[in-house]
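Structure below; questions to follow.
For clarity, chains are labelled A, B, C and D in written order, and residue numbers in each chain start from 1.
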C-alpha cells in the first residue's frame, strides 16, 4: 500500500475514489495547468472535464443522477483536498465555489422543474452560476441579517431591487441565486424574512457593474458588483419557500465555508511539496546545510498546520451531518484556523524557495495571491472571531445559569469569595 | 439535552461515561481542590478515589477486570479531557502519568503473575509507579535509541547499571519499569536491543538522587534522578520479551504523549472558563467595555486552540488504533500543537484576569507553571519538529521515487526545467 | 576595547559608569544571588548596598547630593539594563520600583523639608516606600482618571478614605505616596482633581490587607491591598500642589514604565546568556547537532527582541526629555513591545535548556515568573494597545482635517472616489 | 507645530528637509501615482524628478556637488521613510535601490574620471545602473564569499566570465558594477579576493537572460539574469583597488540593506494610514462597531511595529557611522525585524479594509506584493538569523573566555556545579 494511502481512514468506496482523484489530478490535470499568471482556457477546462467524467472522478459531491459521485458531506474532505492540489482541479472536477454550494442547495430545496432547468446543466459543467447575498456596507456581509435588497410581491411574481457586491463568478454565469428581503404574507402564509430567487443573468433588469480586479483568479467570472433594478420575476423563480431564505443561507454557508477550506488546503499541500522538493535539492547539492535547521522548523510548522487543518475540517464535516447547528458554529472555527494556516504554509514555502519563490518561475507567489482573500471572504476572520467569542460566552453563561460553579472567585479585597482564604 | 452534550459525537456507552465523569469532576472534585500553591494530600486523594469508584468513573482507560471502565483508546480523549478539567482530576481517577501509561503497557505485555503483583495494586490506586527511560545527556531522551543503561546477563537474572533522570513519580513509587540496553543471546534466542524490567523501588541497588524541584506539581513523586547500581534482578523481572524494549517503548510513548495532551487540554478549558466568567463579570459591571474587543480576540483564539487540539487529539487516537505507526507519527504533531496551544490558552486567561491572574487568588498562574514543562517533556517540541520535518521529507522523497512529478522545476537560468518558458 | 563596550554609543562619563556597573553586577552581585526560589535577605542587601556605594555605582538615577550618580534620564537605559542582569541588581543599586519612581517624583516636586524627611532615607536605601494609586475595579487602574479614593479638606489638613490594591512594596515600607481625589477650593485656589500625599505607613488609619501572593518576588514588600480609613494628615503631607495629582502621576508613570522595561530587559539578557552557554556546551559535546538549526532560530529571534527593545527604550528615554508628552505616548509602545519581548526571550531560554529550564537547577523558571506580570502591571498590554490605537486614530484624523488626502477612496460601487476608474 | 513634526528629534537642517520631502510626496507625488497594477512611465518620472530638484528634495543622500542634499547617513532614516510613503517616491527622489547604493559606493571609492563618467549621470537621474553580485546556487548569494564569477588578468585589462542572477534594475541600466573573483598578483601587489568592475551594459560580451517576472515592480528594470561571456575590459574599469571587492561589498551592503528598511517602512506607514482612514469611516457610519476592538488590536500592533522599526533603523544608522562593523551586524537584525514588521503592517491593513483590500480599488494588495520579496532579498531572513545566532554565540564565547562566569551550571546529576545545592 502506498505512502499516500497509509494515513487515510476513509471507508470504501470513498477511499478508492480519493485515490482515483489523486491520480487524475497528478497525472492529467497538473501537466495541463496554465503557467503562473495566466488563466485556464474554457476549451482546456471542457477537455479536462470530459476526461474527469471518463475517469469517474467528476463532481464528487453531486448525486449520481446528476452526473456526480454521490459522496456524502462527511467524506468530502479528503477528496476535495486532492482536487485542490491543482489550482485548476476544483474547476475541472466541477466542485468549485460558488457552483458547488449552489448545487448543494438546489439538490436540497429546488423543485423538479428547477432541478431540470438549473441543476442539470450546472452539474454537468455546461454552465456556471453565482450566488447573490453580499451587499455594500452596511448591508448583508458577514451578517446575512443586515440584508437590504428587497423583493416586493407583485401580481404573479416579485419585483426585485438589489445592489450586490463581490458576486463571485457573476461574469459569464448563466444564472444567479439571489437573496432578498421579503415581507410576511398572512394570505399566502409565509413569514417575513428573506427569499431565494433563481434569476437568469440575461433577465431584464440585471446589470453587471464595473469589473473588480481581485488578486485571486481561480474563480472564473471574477467578483463584480451586480445590480437588479426593478427586475420582475414570476413565482417559479422562488427557490424553496418564501421567507425561509435566512435558514437556507445557513444550509449553504456552513458547508460552502468548509469546502473552501478543503480546496485551499489542497493547494497548501502542493506548496509544501514544492518546498520539500526544493529542500531535497538543496540537501543534495550538499550546501547551505547551515540553514537546514531553520528550514526544518518551517517545514515542521507547515506539517502541523496541515494536520490540524485536516483534523478540524474532518471533525466539522462529521458534525455538519451529526448536528448541523453545532457544525455551522464549528465551521467558523475551521474557517479561521484553515485560512490562517493555509496562508502560513504557502508563505513558508515561498520563503524556503528563496528568490524563485517570488517570481513566476514557480507558482508559489500566485498561490499566495490566490489564498490571501480567504481570510476575508466567507466572513472575515475578525467577524468569525467576534462570533466565536460570543458563542463561547453564551455557552458558559448557560452553564453557570444551569448551576456550574462560577470560577472567577476573587472579590474586591483580593479574597476568594468562597471564603477559602 | 444540555449544551455540554450537544457537540459530542461519542458513541454510547462512552458518552454516558463522559457525562458522569464531567459531573463527578465538577460536583465532587473541584470543591475538594487544594488551594493554589498547595498539594493534594494522600488522604484526600484516597477519599476521592473511593468516591470515583462508587460513581463508576474510576480508571476509564483500564480493563474492567482491574477495576477500570474499559474504554478503548479511540474514545479516551473526551473523557480524559473532562478528567483534566481539575488539576487533581487525573490523580483522582487514576489516569495520571506515568501510572496510566504503565498500566497500558502492563495490560499488553505482562505475564499473569506480573499483572497480579504489579497491575492490580496500580490499577486500584493502592500504589504508584514510575517509568525509567530518560537519561542524562547524551543518553536516552527524546531519542530512546541513545540508551546508555545496561543490563548484563548473570546467572538466573540480570545485573543492571543505570543512571536515569526526570523519573516522574519516582519518590514514593512502589516500582519502576526500567529500560536498559541488553546484548543479543544466540543461546536464548533474543536479539540485541533494549529490555524492560519491573524493579521494586526498595530493591537493593536502587537509589534516589537529590530531589529536583520542577515548576509542575501535579505528578506526585516529583522528577528525581534514580540510580541503579549493580542492581541484580531475577528473570521474572523481565517485562515482555528480552531485546524488544524499543518496540515496547513506542507502544507506550505514542498513547502516553496523547493522554498528556488530553489531560492538559482539560485544564486549559478550565482556564478558558475562568476567563469567560471574568469577562462576563466585567461586562455586567458595564465598564472597561473599551477593551472588550481585544478580550474577544483572545477568547476566540483560545476557542480555536481548544477546537483544533480536540480535533487533532481525536484523529490521533483513532489513528493509533487504525495504524499504530502512522498514529505514533501523528502523535508527535498532536503533542507539539497541543503543548503550544495549551500554553497559549492559559496565558491568555491570565492576561484576561489582569492582576488577579498572577496571584494565588486565582489558580491560573499555577496552571501556567503546571503546563509549561509539557513543551519540553515527552520529547521537546523542537525534537518533535525535527522528526516531523524528517518524516515529511521522507514521505515526499518516496513519492518522487515512485514517479510523482518533481515540483521544484527551476533551473539555474531561472527557467522552468520542463521547458514551458 | 572589549566586546561589551564596542556597540555602546553612550557618551562619557556614563559609558564608564555603565562598565563599572557591569563589572560590579558580574563580579560582586551575581555570586551573592540567593538560590532560585529563595529571597534576598535584608542583611545581604545592606552589605551589597555598602559595596555598591563604595564602588561608585549606587543609585545611578539619583542626584549626587542624595548619594546617587546623577545620570540624566536619557542615559539611564544602558546602565539600568546592566543592573537588571541580576534579579537582585536593582535592589542592590537602589533603583528598583517603586522606590526609584518615588525618588524621581520627590526630587522634582517635594519641599526641602519633605526631601530631608523622605527622600534622604529613601535615596540612601535606609527605608523603602510605596506608591498608592491602583484601586479595585472600577477605580483607578490603567486609567488614573477613574480614581475613587477621596481626601476631604478638614481644618489644617485632610481626611483620607481609600482602598488601594496591588500596592507594590507596601509591606515593610516606611511611607506611601498616596493619590486621592480632592475637590476644588476657590478660597485656597486649587482646582478639582487629584492630590498626592506623603503618609507614614504607621500613621493612624492605615491598614494592610491580606497578603497577596503574586508570582513575582523581586519587589520587596509584595503587592498587598492597603486601606486608609478616616486617615487624617496635616497640610505638610501634601506632595506638590493640591489638585495637580493627575499631572504628577503622568510625570511618574512614563519613566517608571520605561525603567521596568530596562531592568527586566537586563534579566532577559541574562537568560539569553544562559541559553547561549547551554548551546555552546551542547555543541562541544558534539551531539544533538540535529536540533541546532532550530536552536539558532530561537537564539536569533531573542537577539532581535533584545536589540529592538534596546532601540525603542533608548528612543523613548530621549523622547521623554525632548518632548515629555510624545515620550509618554511612546512609553506605552515601549512597554507593550518590551513586556512581550522579554517574556519571549526568557521562554525561549527555558526551551533551549530543556528539562533543566523548568527546574530550580537553573534560575530560568523563576525569571519567567518574575517577568510574567509585566504584561499586566503598569497598565496591561491590552489597555495600552487600546490607547495606542486611539492615539493613532486621533493623529490621522488631525492630519486629514488639516488637509491630507483621504486614502480610503473606494465608494459603495467599488469605484475609486477620485474618479480614476 | 504640526502633529507630523512633534515626535521628530532630527537636528536642523535635516528636520526642515524632512518636512519639505513630506510635503512634496503628499502634494506632488501621490496625486501622480499610477493606478495599482500599472507602472510609472519614464516621462512622468522625469517630470517629477524635475519638480523634486526644483523643490530641493532630490537625492537626499547624495553630495551636493552631484546634485543631492548631502544628508549624512545617520540622518537618512526619517527622510527616506517620507520618500517611501509613495511607492514611486524613491524613484522620483532618485534614492531607489540599486542606484542609491551604487552612488554611495562610487562616492567613496571611484576615481574622479569614474565619477564624471558614472556618478554624475546616475546622480542626476539621467541613467540607471545595476549591481552584479548574486549568482545562481551555489555561488554568491547571501554569502558573498561563495563568489564564482572570475576576472582573469589579460594584457592591459581583464577578461570576465560571470553568470549573475536577480540583477535588479539590469534591463535598461546604463552600466553594471560587477563583482568577480580575481587572483593575487605579486607583481602588481594586490591580494587574492574579489574585484569590482564598472561595465557598460552594451559592452561586448554582456547579455541579458530571460526576463524574470517577480511580484514586486517598484525597481525599474526587473531582476533578470545577466551573462558576462569573455567580456574584456580595460584597467580603468576597475572600481577601487583590485582584490578589495569583498570589503567594498560590505561597505555597500550594510547601508543598502538599511535603506530598503527605510523606504518600505514608509510604504507600510502609508498602508497604516489607509487602514486608519477606513476604520474612521466605519466608525462614522456607526456600524460594525462590534469588530472595533479587534481592529484596534491590529492597528495598535502596527503602530508598535512601526515604532520599533523606526527605532532599530535609527540606531543602526547611527551605529554605521559610529562603528561600521557593529553597524553592519546590527543591520542584519534591523533587516529581519523590519522585513517581518513591514509585511505584517501591510497584511493587517488589507485585513482591515476587507474585500476592497484584495482588489485594485485600493493599492494595498499591490503593496503586499511589493514588500513580500524583502524577506528574501538582501540575504533571506533565515540566512540573517543564522548569522545573528552565530554572532551571539561568538560574543558570549569571547566573554566567557575573558573570565565571565559560565551560567549553565547544571551537572549531569542535576546539581549546580558551583556546589550551591
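Of note:
Quick note on the criterion: a contact is a pair of C-beta atoms (placed from the backbone, for glycine too) under 8 Å apart; a residue touches a chain by one contact, two chains touch by 3 or more.
Please read these numbers as outputs of a predicted model, since none were measured by experiment.
Any chain that touches subunit B and also touches subunit D is listed here: A, C.
Taking B-C and C-D together, the chain pair joined by more C-beta contacts is C-D. Our note on geometry: subunit B versus subunit C, Cα centroid distance of 39 Å, whole angstroms. Inter-chain centre distance (subunit A to subunit C, centres taken as mean C-alpha positions): 49 Å. Averaged C-alpha coordinates give centres for subunit C and subunit D that are 36 Å from one another.
Across the assembly, subunit C contributes 137, 165, 212, 290-291, 293-297, 359, 361, 385-386, 414-415, 421 as residues in contact with two or more other chains. Considering their complex, residues 2-4, 6-7, 9, 26, 30-31, 35, 270, 272-274, 276-281, 293, 295-297, 299-301, 303-304, 307-308, 310-312, 314-315, 318-319, 322-323, 326, 330, 333-334, 336-337, 353, 356, 359, 361-362, 384-386, 388-393, 395-400, 402, 404-410, 414-416, 420-421 of subunit A touch subunit B. Interface residues of subunit B, counted against subunit D in their complex, comprise 136-137, 163, 165, 209-210, 212, 225, 290-297, 412-415, 421. Those residues of subunit C that touch subunit B in the complex are listed here as 37, 137-138, 141, 165-166, 212-216, 223, 282, 285, 287-288, 290-291, 294-295, 350-351, 354-355, 357-361, 365, 368-369, 372-373, 375-377, 380-383, 385-386.
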